[in-house]
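Once you scroll down, you'll see the structures, which are given as structure tokens.
Look for subunit A in each of the two complexes below; its partner is subunit B in the first and subunit C in the second.
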Partner chain A sequence: MANTYELIEAQTLSTSASSVTFSSIPQTYTDIRIFISARGTGPYTNTNLKMQVGNGTVSTSGYSEKMVYTSNGTTAASYGQSAQAQSDLQYFPLATSTANTFSNNDIYIPNYTGSTAKSFSIDSASEYNAPAAVLAMDAGLSSNTSAINIITFTPNAGNFAQYSTFYLYGIKNS
Partner chain B sequence: MATTYEPIATYTVSGGSTSTITFSSISGSYTDLVLVCSGNSNSGTDYPRIRVGNGSASATGYSNTQVYGTGTTATSYRETSQTGFIFATYPATSARVTTIFNIMNYSNTTTYKTVLMRDNNSAGNVTAAVMLWQSTSAINYIELFLTNNFVAGSTFTLYGIKAA
Partner chain C sequence: MTRPTRVEVNCTTGETSIIELTDAEIAEIEVAALAAADQQAAAEAEAAAVAAAKAAGQAKLAALGLTAEEIAALSK
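Take a look at the complex of A and B:
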């Protein structure tokens, strides 16, 4: 049987970068999945890892989400937002976070070539061996009804740090 | 390299008269299963359920523990002695609800079966859950069903994962 879970593209940052983009994503898969191990160089405590999807160019509107998360190891919380310019994945390690710690993000986008709004699943974890570690589960939606062939990741502030990795996989259902 | 992630079966709902999706005669040759659902209801809010079994869907022996977020609050609860597992709320909007099940060690005949689930509805809740089916029977049958019908275009794909 043919291999149906294939690496489409891998990007490992040799130097810091302001964004990472997967473009010209093949339309031959059923679902796509992205694994990220990233760290930010930004100085802010609320640095977010942001995702935008689109066709040809990324959409800058129409994102909504619900998230449940814990950031203190004691209580869980939830927030939701709509009519956003991007999907906010979560907070991730910053310049001031414990050295050598990177995030773990797992993004699953089914039916990415379909003609309906794109619903996706995001699991994220950043463990610092210190306070402010984050474990988050996110239900995301892009109202974009075009097939997705471009995805961009951007930190809210600063750059992605060297050694951040981004892996895009394609999954076929036949 | 050996193929270790294989599609077993996929269903795309056409029309508006499908209320049950069944994966039957599931091969026991894999280590784990992954079920990816992208669905919604075609007629008002509905609550899709999953049942598993051997030869047919079992209607007994389910429990689950969940944590979910509504966008304002995070809550956990659990249920026992259920006849199935309500894994999502389908709001009957144009957007699909994405649900992913991981069914580990599904073919063994010595342990109860544990299923991890992530449900994603940006217009409703985001949920993580663990479901237990209290049976030592191998799972070779999975059933998803609604009170109404699945909306056309809903997709359900079952993958098998091999450890070697």
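Take a look at the complex of A and C:
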């Protein structure tokens, strides 16, 4: 159980943006957690939300992950990928999804200052008032062994829409 | 025309920067958009093929004399 759970930074987009980056992340916590509520301007119902982590600059290789998901509201399926340029098995709604709906994305990165590969887990729901909404539980790994002090989020298509929110929390076990 | 922007939040200073994309970054986004369009088209084609195969299979079962309830039971 976390003894310390502090908001490091919050960002609500005042206009659409092609990506959102948290840089110079303090190295004083045990774990970090990011909550995203996003919507995109792309032309589809929902799409992948890309995440890259790094030190100084983001790593553009060495991401692997597996997820269990449903995209029809009835059956669950699984999917895995490795040697990717980013983590992208989390989802958010785009322009043709239900109006004014935003995603729920919960990203947990334990031991982010460590010197080994970085694991992460992501729960996401793209939010759409129809079975085409995607609900996914993802477990991943970045081969980056440097302490994480920068994280970037990018839509797979289009931009993040105005009013999308990004909250970065620091968690300590003491 | 306004150039697209990206947002960077410096967690040490609290400063938020809205940065205009370079030509190279804009080109990268356009490539990603095309890839996403291809991905979407492939997913839709696959879903349509599965639906068509299912409908064809059900029609063949009906032609063999199975009732709608029996066909539905087979797909559970």
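To be clear about the criterion, the second predicted complex is superposed on the first by the 167 of 174 C-alpha atoms of A that agree within 3 Å, B and C clash if a C-alpha of one lies under 4 Å from a C-alpha of the other, contacts with A are read in each partner's own complex, and residues count from 1 in each chain.
Going forward, a residue touches a chain if its C-beta (ideal position, glycine included) is under 8 Å from a C-beta of that chain, and two chains touch if they have at least 3 such contacts.
All figures in this text were calculated on a predicted structure; none of them were measured in a lab.
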Check: After lining up the shared chain so the two structures overlap, which partner does A:Ser37 touch, if you call subunit B first and subunit C second: first, second, both or neither?
Finding: neither
Next item on the list: Would you check which partner chain A:Ala77 touches, where first means subunit B only, second means subunit C only, and both and neither mean what they say?
Entry: first
Item checked: First, second, both or neither for A:Thr165, with subunit B first and subunit C second -> neither
Notebook entry, point to check: Can A:Ser23 be said to touch subunit B (first), subunit C (second), both, or neither?
Noted result: second
Check: In the superposed arrangement, does subunit B or subunit C reach more residues of subunit A?
Finding: B
Note to self: After the superposition on A, what does A:Asn173 contact: first (subunit B), second (subunit C), both or neither?
What the structure shows: first
Note to self: Contacts for A:Lys66 in the overlay, against subunit B (first) and subunit C (second): which applies, first, second, both or neither?
What the structure shows: first
Next item on the list: Quick one: which bits of subunit A touch subunit C in the complex? Just the residue numbers, please.
Entry: 8-9, 11, 13, 15-26, 42, 44, 47, 156-159, 166, 168
Margin query: For the complex, give me every residue of subunit B touching subunit A.
Written below: 1, 3-7, 10, 36, 38, 67-74, 76, 94-98, 100, 118-128, 153, 155, 157, 159
Checklist line | Touching residues on subunit A, where the partner in the complex is subunit B | finding: 1-5, 30-31, 64-69, 75-82, 108, 110-111, 114, 116-117, 119-121, 123, 137-141, 143, 171-174
Note to self: Going by the contact rule set out above, which residues of subunit C touch subunit A in the complex?
What the structure shows: 4-14, 16, 18, 21, 25, 29, 32-33, 36-37, 40
